[in-house]
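Take a look at the structures listed below.
Both of the next two complexes hold subunit A, though its partner changes from subunit B to subunit C.
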Partner chain A sequence: MENELMEALITRFPELEGKVKISAPLRVSVDWLPQETFLKVITWLHDEKKLTHGHNVIGTDEGDNLGFIYMISGEDQVIVILRTTAPKQAPRIPSLSGLYKCFILFERELCDLFGADVTGLPPGPRYPLPDNWPKDQWPLRKEWKPEKFDRQTMIYQGDSTPETAGAPAGNPASPGPATEGAAEVNAKTEALLQTVELDEEARAAAAFVNQPLPGEAASDNAPETAAKHPNSENLITVPIGPQHPSLDEPSTFTITLEGEKVEGAVIGIGYNHRGLEKACESRSYVQDLYIIERVCGICSHAHTTAYCMCVEQLAGVTVPPRAEYIRLIVGEMERLHSHLLWLGVAGHEIGFDTLFMMSWRDRERVLDILTVLGGNRINYGINCLGGVRRDIDEGLAQEIHKTLDFLEAEIKYYLKLAETDSTLAARLAGVGVLSKEDCLLYGAAGPVARAAGISDDVRQIEPYGAYRDIPVRVITDEHADVFGRTLVRIKEMLESIRLIREALARLPEGPITVRVPRRIPAGEAIIRVEAPRGEDLHYLRSNGTDMPDRVRVRAPTECNWHGMQHMLEGGYLSDVPITIAAIDPCYSCTDRAISLRGHNSLSGQVLDWQQLRKYSLDWYRQRGIDPSGIDLADISAHTDGKE
Partner chain B sequence: MSVFKRKPGRTHPGRISGAAVHNLFSHPATIKYIGGKYTLDKRCRGLIKYDPLLCIGCGLCMKDCPTGAITIVNKGTKQDRDMHAYLDTGKCIFCGQCADTCPKKDIVVTSESDLSNFSRDGLKIEL
Partner chain C sequence: MGLLTAFIRILIFPGFLFLSAYALVLQFLDRKLYARLQSRQGPPWYQPVADFFKLLGKETLIPAQANHLMFRMIPAFCLGAMAAAFIYIPVWGRSAMFSFEGDMIVVLYFLAIPPLASFLAGWYSRSLFATVGATRTLTQMFAYEVPMFLALLAPTLLSGSWSISGNTAFYAAHPLLVLVNLPALVVTLIVSQCKLERTPFDAPEAETEIVSGPLVEYGGRYLAFFTFSKDCELVVVLSLFTAMFLPFSTGIAGADFLLYIVKTLAVMAVLCLLRATTARLRINQIVSFCWKYLAPAAMFQIILNLILREVFSL
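Take a look at the complex of A and B:
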């Protein structure tokens, strides 16, 4: 498959001769291309070769240039890796969100973290940096040092280099003191954009060029929706979040309602951005393992497995079979834990709290096993570079079998419940529909895609580790709604139990770990792993030292967000929580930073603890409530003593 | 049709009385707050244990620690070593990487989890 695609590419574009290679099984890597050629190639691949699934867009720092790496795939699941560059002085690239709807979030990330000027990106909330973050600070560029940045004042103390002072990031209308070279490049890109054929949607998207790009508050878009609607006087805008009792993690949903019906939804995420990728670049491979583990609390094993596989591939190390089997067992245990947790949350969201109590009780049994397996309840830390850290002995295997027997009976009961209970069916069927075509368009992954009848499971497409020996039966469903997602997840748990039992029965003898060198040879690895929520894609590039050059984590939730707006619109307000919960969103996974976003009246301000106290006391006083008994000076003295 | 609908022959009064008798004689699931000691499973990761006599002072544990929680200091001379290990339990994430890295295996992970203290400085301990 890879060869055919490679030959087709070279036949169509003779200039690519020698630039295309098969970097790994199912990966066709194309070398750095000038933007003009790159756009021709990607448009041709999308239109003629039907590579319509966008996986990821990665920004890199290439010295004087910014690099952009695009990953796309089609029916035959070969990932084509295309690269292009733009000079740092004027990092202008056209937005491909017209071709690939799912690139919008990734391209916003390029704007925020690399200062890329993505032309034609539809307006929307800023992602992932906070609103009060200065617009000329791009943290993932190599010259940006976190220690020089003051989080309180939001001022960067470094010398004002031409790059940090003058590039027209996110604001093409006023390019600032750009150099002459930058103007030339701008003119070139302008001319280039006219030579490339974009489809209608892309052209429509390009019409937004002169509008201010990211950084617009989510609520700014709501009146726009309201104005377009025929009976706009009946529309009500309901802001949900960033902090809201029904949200588990911070995010904003600005929902426009007509009566009870959702007419429009604007989603703002990025509140949990922790800058993990920047942190990874200044730590060794061993230390990074623990950072990657903390990307997500639930799919921590999937993330470390992907990261370890990247490092092992680069180092040319083969993991012992026993370690691969143990990774499978822990991975499937994690899936059980994640799906049981989800089932509980889903039950809670629809007011079926009995289900919540029951499934979380069962989840405890899984967590008990994971605790003794890895040593911790959540961040098990069982993976290490070159294998696993702990073995499974006979006694532990017996414990696992016992738990699995208990869980199987429980999960079969849940399946019967889901299939027969009329309340569940009435509440979930037809809610949050994302059809097969829409799933492909928005690049949905995991149970969301499988519930729409797409057999999208990395364990089957590209078996890794012990999945090569133990094939997975992919569970699909035709409902394409929340009900379908529930059935898929419950059936997947039964499949996980089968996999764990088989792996325990066939557990090979031998060592559990091999040595991995501290310095990893230069190169790059792209690994995908099936996390409980879908495809988890890791990109790792090393430069021959003991620290990685670039780490990019594309968590499964990140590609499921794109279809969310579509799922919400046309539904009812009461179905909003369950629709959001049905993709099993993990905000931390997606955002990977802790920042305070200013309230409207305080926008652009960061308050310290005492100011915040003072603000809240004043707020009560203004409303005639006397917060007597609380002496501000006393509180200050107390907090001072504490700090 | 609901699965909750009670069918003839589905009730088990024996099961309920069995559970009641079981609960009557089983140990309580909670522990006494003051005085009761909660012990984790032996396989859980907790505080690390350090043996100064085995330590060769290679400093690999300090290098590999993801949070920089552990510090090894030699207070003696090159010939006559006097090793001390300091751990900031406020920083430690109990990953056990130091124990894995140590070439002499003189750092051992225990399941000790009683670490709370009234001040931040009290969290910095000598092992």
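Take a look at the complex of A and C:
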């Protein structure tokens, strides 16, 4: 399949001769192309070859240029990797969100993290950096050093500030004039001015948030909608989030309602950006393992598996079979506890608290096993480079078997419950529908796609590790709604139990780890792994040192956000929480930093840390409570670590 | 009955003080049973009292845009209505503290006050979530009022009395006729759940959708009295249900009181079971359920009772 595609590419575009190679099974890699050729190639691949599934867009720093790596695939699951560049002085690239709707979030990331000028990108909220982040600071560029950036004042202490020097003139993300070659004092005043102007900017951003996305049918903003909607007086806008009982992590869904019907929805995410990818670039491969483990609280094993496989592929190391089996067992245990968690959350969202309590009770059994195995309930850290950290002995295997027997009975009961309970069916069926065509259009992944009848499971498409020996039966469903997603997840748990039993029965003898060199040879690896929420895609580029050059984590949830607006609109307010929950969103996975982000569409202003402290002290003073001994001038000294 | 005895009966037993104590006990039992059904431990017995007093000590915040007078008075209306309704329901013996021909209608109207209070509370708080919740409360009220009235009035067609005590007395004398009213019993049981806004009919205060609906802006002692009056509503609804549909009694006042406790606890257990085993319905589903199934069933009961009365002159 890869060969056919490669030949077709070279026949159609003779200039690609020698630039296309099969970098790994199911990967066709195309070398750096000029933008015009790149555009022709990707349009041809999309239109003629029907490579309509967009996986990821990765930004890289290539010295004087910015690199952009696009990953697309079609029916035959071969991922074509296309690359193009733009000079840092004018990093202008066209937006491909017209071809691939699912590229919108990835391209926003390019704007925020690399300062790319993506022309034609639909307006929308900033992602993933906070609203008060200076618009001329692009953290993933190599010259940007985190230690020079003061998070409280948002001032970058650069000596000659190459970032600001690189600000392109036409970039909408940098409205101010570039402070070219400014002296340190000048840079400071400039940055200070910037913080003063933040309110203005935040207001501009607020106006931005509520702009309807062009190409999306319905409108998002109450005043906006008021202009065209026939029933405009009856519209109200309800903010779900950033803090709301149905959300387990911060995010904002601005829902415009007519009565109980959802007329418009704007999704604001990015509250959990922690800068993990930047952190990975300044640490060794082994240290990065611990960061990657903490990308997500639930699918930590999936992320480390993908990361380890990237490193192992680059280092040319073969993992011992026993380690691969243990990875499978832990991976499937993770799927079990993740799906049980989801079932509970789903039950809670629709007011079925009994289901919530019961499934979380059962989830504890899985967590107990993982604790015995890894020493921790959630971040069990079982993976290490070249294998796994701990072995499964006979006693533990017996315990696992016992737990599986218990869980199998429980999960079969949940399946019966889901299939027969009338109130469950009433609340889940026909809600949050994302048809097969829409799934493909928005690039949905994991149980969302499988519930729409798409056999999208990486464990089957390109089996990795022990899945090569133990084939997976992919669970699909035709309902395409929340009910289908529930059935898919419950049935997948039964499949996981089967896989774990088989893996335990066939567990090969031998070592559990091999040595991996400290320095990894230069190269790049693209690995995908089936996380509980869907396809987890990792990109790793090494430069021959003991630290990676670029790490990109594309969590499954990031794919599923794109269809969310479509799923919410036209539904009822009552169905908003369960529709959001049904993609099993993992906000921290997607956002990968705790930052302050004001809810701009309501308050219209962003407060920095000092302003927040001042506000809180004033609030108490007004009530006659004297926060004695606290002087505003001292705050920065206190927070700088004197206390 | 002297004035003093009347006061004692209204304020202490079986009046307001008993109502309050029993409301807290029922809240505890409801929570405990609910927890055990979910394989949880549940709260200790004093939890409802502890919650109440803790809330009393909390700071009260009233939204700036809210109508302050209404905001403060609504919980009192709600509690007052429940205390007044309780007077006309038999607890000690076969007849209530006070009764007159037509007191059932009065009780039904008193029972309409808590949802109205909820609606006003939500409406006057001027919060988005509270407004949505208030609208839902009112919508739900329009859904269940008709089946509730029909189902509760059906037994009176046979007894020929529009007083709760009169009904109890009639059915105590003819216990077999209770079986005739079984459809109305089932309808009233479901409608009670709907009226009390418990799962699956808790759309007005759906926590995960609209935070907690009409009461979202309430806190401190106002919230304490609001939730307390909701607990009293539970007692009143259960008592009315037992008086109308399970009027079995011994004729000895003390034994009847014990029987009353057993009957209300049993009904509460059924309602709790219903709450533990269902998911929350959407408001449109609630409305169509009430009108498609409950109202016709209640209507059937009315026709059945009319036929029994006119044709068989029961």
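List of remarks:
Definition applied: the second predicted complex is superposed on the first by the 535 of 643 C-alpha atoms of A that agree within 3 Å, B and C clash if a C-alpha of one lies under 4 Å from a C-alpha of the other, contacts with A are read in each partner's own complex, and residues count from 1 in each chain.
Here is the rule we go by: contacts are C-beta pairs under 8 Å (C-beta built on N, C-alpha and C of every residue); 3 or more make two chains touch, one makes a residue touch a chain.
Since the structure is predicted, the reported quantities are computational estimates derived from the model, not experimental observations.
Taken together through their common subunit A, the two structures put subunit B and subunit C side by side without a clash.
If you count the residues of subunit A touched by subunit B and by subunit C, you find the higher number for C. By the touch criterion defined above, A:His348 reaches subunit C but does not reach subunit B. When the two structures are aligned on the shared chain, A:Ser284 is found in touch with subunit B, with no touch to subunit C. Of the two partner chains, neither subunit B nor subunit C is touched by A:Ile461. When the shared chain is aligned, no partner comes close enough to touch A:Ile378: not subunit B, not subunit C.
Legend: residue contacts after superposition of the two complexes on their common chain; A:Arg389 is shown touching subunit B, with no touch to subunit C.
In the superposition on chain A, contact of A:Ser246 is made with subunit C only, not with subunit B.
Of all Cα pairs spanning subunit B and subunit C in the superposition, the closest are 7 Å apart. Subunit A residues 421, 423 lie at the interface with subunit B in one structure and with subunit C in the other. Taken in their complex, subunit B has these residues touching subunit A: 1-4, 41, 43-45, 63-66, 93-97, 100-101, 109. If you check the complex, the residues on subunit A that touch subunit C are 236-239, 244-246, 257, 260, 347-355, 357-358, 361, 421, 423-424, 426-427, 572-577.
Contact residues on subunit A toward subunit B in their complex (touch as defined above): 283-284, 286-287, 289-291, 371-372, 375-376, 379, 381, 384, 389, 416-417, 420-423.
Taken together, the subunit C residues at the contact with subunit A in this complex read 37-40, 128-129, 131-132, 199-200, 202-203, 206-211, 276-285.
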